[in-house]
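Pasting the structures here.
In what comes next, subunit A is part of two complexes: it sits with subunit B in the first one and with subunit C in the second one.
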Partner chain A sequence: MAADITGTRRAPWMLLSPSLATVGLLLIIPMLFIVVYSFWLRTATGADQVGFYLDNWIEVLGDRFYRDILFQTFAIAFYTTVICALVGYIPAYFVANTPVKSKAFLLLMLMLPFWISYIIRTMSWINILGTSGALNTVMLSLGIIDGPIQMLYNQTTVVLGLVHYLLPFMILNVYVSLDGIDKNLTEAAQSLGCTGFQAFREVTLPLSLPGLAAGSLLCFVLAAGTYITPIVLGGPRDAMFANLVFEAIVTQLNWPLGSALSLVLLALLGALVVIYTRYLGIDQIAKSFE
Partner chain B sequence: MDDTKRYERLLNRYRDGDISRRTFLTALGAAGVVAGVTGGPMGMLAKTARAATPEQVRFDGWGGVVSEAFEKYAFAPYTKKTGIKVISGTFGGADEYIARVKAGQPGEFNLAHLSGVFDYARYHGLELTSELNEANIPNLQNVIPSLIEPLRKISGGTLSAVPYDYGTTGIAYNRKYISDDEAKAKGAKLMIDEAYKGKIGGWGEWKTRVWYGALQSDQDPNNIKDIDAVWDMIRSHRDLALKYWSSGAELMSLLAEEEIYVTEGWSGRIKALQDQGHDIGYLDPAGGLGWQECLFVLRGSPMAACEELLNFMLEPEVAIAVAEGQSYPPALDPNKVELGKIIPTLPAFDPKGTLASLSFFDPAYWNENEADWSKTFSRVQRGY
Partner chain C sequence: MSGWSMIRIATILVYLFLFAPVAVVILLAFNANQFGGFPIEGFSLRWFEALWHNDAIVRAFKTSLLLGFLTSMVSTTLGTMAALAMVRYDFPGKRTISTLLVAPILIPEVVLAVALLLFLQALSMPKSFGLLLMGHVVFTLPFVVLVVQARLVSIRRDVEEAAMSLGATPVQTFFEITLPLMLPAVMAGMLFSFTISFDDITGTLFWKPGGVETVPTQIFAMLRNSISPEINALGAVMVIFTIALPLIAASIARVMAMRKLRASNRKTQAA
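Presenting the complex of A and B:
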């Protein structure tokens, strides 16, 4: 009897062990290495000095430079998320209310950008917005402008590139939420005297908010962690926090400082995910990948 | 410090009584766990993947036409003669490659086409230099002595690399908007000219920015007296610049598309633009920046195989073909080797073979300031 109980207790752990081993080996242990690294020091030759030093943490947490770039990063991520939410809701609504036959095709179209490299998609804006790019060429040929307009290499183009990259994530999340709403509810609201817009505002929109929140979380976290877009579409000053991590690790060969910087970003974004999970539940995000 | 030294030090501390038996065993146990992740099965995989065996050597370079020339003129005949395969890899930049090497194990990477003296000193500082047996590289006799000596000085008389080519980072300008006379008159200060605000570019690399900041503040880049003045010049350039480019392809695109009218540029890349028909001028200003590239052999590599490959790559036929492919003069001494008709037309080519007119990074001086200046540049770039 006792053996049965022990066996029953062990069974879930046995079943979970491959997943736990994978997470442990590929996530937890490497993360611990990063934590250990953050307490080492970089010597003048670029080699690491093993030990327990708080210098990197004091620098990262006490230096205004890092706080400012972090604030700038979150501001860019916030603008990107808001634009994605505003722009992404409409196509998601359209797809959700399309007959089933066309829905599969539209969803396939939505996934299409993922088949092209993110870097190439980002670089495509240079051919569109450059001084000899498509937009300037069209406006010049139509006589709208006398000379090419400088549109590239500023914070606006960084946000534009991020919106282009992240919009499908927002649309998918909102679509999943909208698709799960019982259509009878909207019809019931209208039968009780609501106009179409009132039914949307009072019924559809509130019920789709979890999807909107899940999409926003994904967009914000992915935007805040990017470093390619500012390199390709940004000007000299336009940097995000991940660029500092890249510079510390690759350019300055300062892995200890880079580790501390990456842990700060991880902790802040992780806190955001924890808050979201506490109030809205992480399962909403999982639905969009089902 | 390698693992063997770490273990020896740990053992000595235990023998000297500095640590208890328990601490010693705990430390060994922890090392075992780390080895289990990075050294055990992963290490075996790495050994399979690495090219340190005599059957093959690994070469990493910049890719593109240079790698194609290496493949055709050096690697293929080398493999045919020796039976040793060359596994060819590429990297995007010297910083990226050194990070990869640092994360790897001795012998995983063998040869690399690296930027000259500064990186050579960096690798030496990280204890990644090897010791070439120069008797196995007879073609080294044909290399310009003034390119070899700085390397020899860093590694205490021996060599871990052979110089391969050289070039300059001068000022490139669009002749449609900036005349040769104006460029010559303004020199390095052309890039902080308010008249071209929003049409100025620059390489987003701290060394080049500091070098040109020194020239713009009328200082010797290898002996900067007023670094604050240099940072002020970098700020002025930053505020006028549209874009810091990060690759040769981006540099060429920005100039060709007329996004920018003036920037620093690599002599070979500007020559390539000129050959494509773009009216781009190129000027090495007074105190302009010269550099060399070398073929570096990393510590832990199969030396005899690497030395033989280096000798192949220094064969005049190979070195000239590669030089023509990348538009940078080879490191071969024009007094000893007939370089053909194209090489003398390349920018930065020195027919005397002394390179006396070029200024190079003083590796000791720049390495001493590297940690401080690279970090400060990161801040200045972002508006500080």
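Presenting the complex of A and C:
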């Protein structure tokens, strides 16, 4: 370590090697392994047939069942992302333009959901929408309904749960890019004759698009990869693609099939990330950690 | 009504949306009603008492604490070293390394969980606490790297250079100057990785051996039956725990910073 602080050529690699070894051994090699594994075959006896079989891939890519659930997964992730963008932009704008004193408080409040467990935030909706939940109780006592109605366990509640979980990611990302906009620009636009709304549409909104894109990417990828929310808040027909992966791996113990399924998910979501980084760069997402 | 006050009202509504369901969990945790829901029938601590006497839950809590602690230790050590390398040095392939370090965030956690599980099973390592720890380290590592890196950038190098020009060895400089200046960054990384690990369920459900539960997987298992008041109480404990911890840490950090400031003021006054 002694001479390293001043900067020899070896120093950064010595500092990096434990992390790189961890990522390499526990992530990169396992990922390559499941690529190979997806071509093996799980026989009826439960043993793996080593070789090059396309059976898993034909099943995953050819079967309508998997395709339908894939579409459903992307639809749920899409609705979630659009709602997060629409609902999240306003508070992000408010926080970015609010006086310094209340800003710190509002930002702290935005960080809090990250510290509250995902499973608790998801299940908390059962207390609101369940048959003995807050909404039913209120409506019963007001005489709007005669008996409790079941509002849970459908696609809408899955989207609701995901929006609730992912909204802070969106708000924070949009806030970061809104906060970076030079206030003189909107003032200049207004002094040149723009109305407040025009200034927003022509100056602020375009400049905040990188944050909106980063937030959308995060929301979409995280929503499309979840299997907990559909189990807790969805009905039997609301399974998402990650539920299939979980079923194949943990319940059916069909690991080669599970490998192929998870690679499909990775390929589709990975393509999104690659397209995004090609155009906007990964740095935008890293910004929200500062 | 002006546009700005409409934006303000919309913002308040969104914040309400974010917090109201969690507030209801905490409210119901103190409800005397025996079926975990409305109506409110009076204040009671009986569900917290029930938690305390529930062996499965106490065990899950201990598992989560231990796992979170070990995860934060390992991934903060690794992540801080990596962040130092990324901020302090220029070397060929830096961009690739940077992508590699954040790769675990970019890969859906389900896929990461499957890959690690199947790889270790193929090496005939069964599901174990060790597997859980490895998994948690891999996916908390990028968060630590990002958090520490972001804070490290603001530490000025000339303070270190001054120390060395005054005769401090590089090792002395690191422990006397760099490390104390880095401490808030390292603490932030530790806290972050602890909370991520403590809250994780997606990977944990894949990796945990039969019979081992963490708090989130325990809640998940209990939800399969029906929502009981105990779940609300456990949720309330979790919320208080994960929110109180960062707040306490933040205030300790503030007190430490104030003390240091006062001490250095005294020194300058004495001089």
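Throughout what follows, the second predicted complex is superposed on the first by the 268 of 290 C-alpha atoms of A that agree within 3 Å, B and C clash if a C-alpha of one lies under 4 Å from a C-alpha of the other, contacts with A are read in each partner's own complex, and residues count from 1 in each chain.
Convention: a residue touches a chain if its C-beta (ideal position, glycine included) is under 8 Å from a C-beta of that chain, and two chains touch if they have at least 3 such contacts.
Computed from a predicted model, the values in this text were never measured in an experiment.
Annotation for the three-chain superposition on subunit A: subunit B and subunit C clash. Of the two partner chains placed by the overlay, only subunit B lies in contact with A:45; subunit C stays clear of it.
When the two complexes are overlaid on their common chain A, residue A:61 makes contact with neither subunit B nor subunit C. Legend: residue contacts after superposition of the two complexes on their common chain; A:29 is shown touching both subunit B and subunit C. Once the two complexes are laid over each other on the shared chain, residue contacts for A:271 go to neither subunit B nor subunit C. Once the two complexes are overlaid on the shared chain, A:86 sits clear of subunit B and of subunit C alike.
Among subunit B and subunit C, the chain that touches a larger number of residues in subunit A is C. When the two structures are aligned on the shared chain, A:130 is found in touch with subunit B and with subunit C.
In the superposition on chain A, A:249 makes contact with both subunit B and subunit C.
Legend: residue contacts after superposition of the two complexes on their common chain; A:167 is shown touching subunit C, with no touch to subunit B. In the superposed model, A:104 makes contact with neither subunit B nor subunit C. Clashing C-alpha atoms between subunit C and subunit B turn up only in stretch 223-231, chosen from 61-69, 223-231 or 241-249, once the structures are aligned on chain A.
Shared interface residues of subunit A, touching subunit B in one complex and subunit C in the other, are 29, 126, 130-132, 231, 249-250, 255.
On subunit C, the positions that touch subunit A within their shared complex are 3, 7-8, 10-11, 14-15, 17-22, 24-25, 28, 35-39, 77-79, 81-82, 84-86, 88-89, 91, 97, 99-104, 106-112, 114-122, 134-135, 137-138, 141, 143, 145-147, 150, 160, 164, 169-171, 173-174, 178, 195, 198-199, 201-202, 205-206, 215-216, 219-220, 223, 227, 231-232, 235, 238-239, 242-243, 246.
Contact residues of subunit A toward subunit B in the complex are 25, 29, 42, 44-47, 65, 68-69, 126, 130-132, 150, 152-153, 231, 235-237, 239, 244, 247, 249-255.
On the subunit B side of its complex with subunit A, the touching residues are 1, 37, 95-96, 98-99, 102, 122, 125-127, 198, 202, 204, 206, 238, 241-244, 246, 253, 257-259, 367-368, 370-371, 374-375, 378-379, 381-384. Contacts from subunit A toward subunit C in the complex involve residues 1-7, 9, 11-13, 15-16, 18-20, 22-23, 26-31, 33-34, 37, 87-88, 90-91, 93-95, 106, 109, 112-121, 123-128, 130-134, 136-137, 164, 167-168, 171, 196-197, 221, 224-228, 231-232, 242, 245-246, 249-250, 255, 258-259, 262-263, 265-266, 269-270, 273, 282, 286, 289-290.
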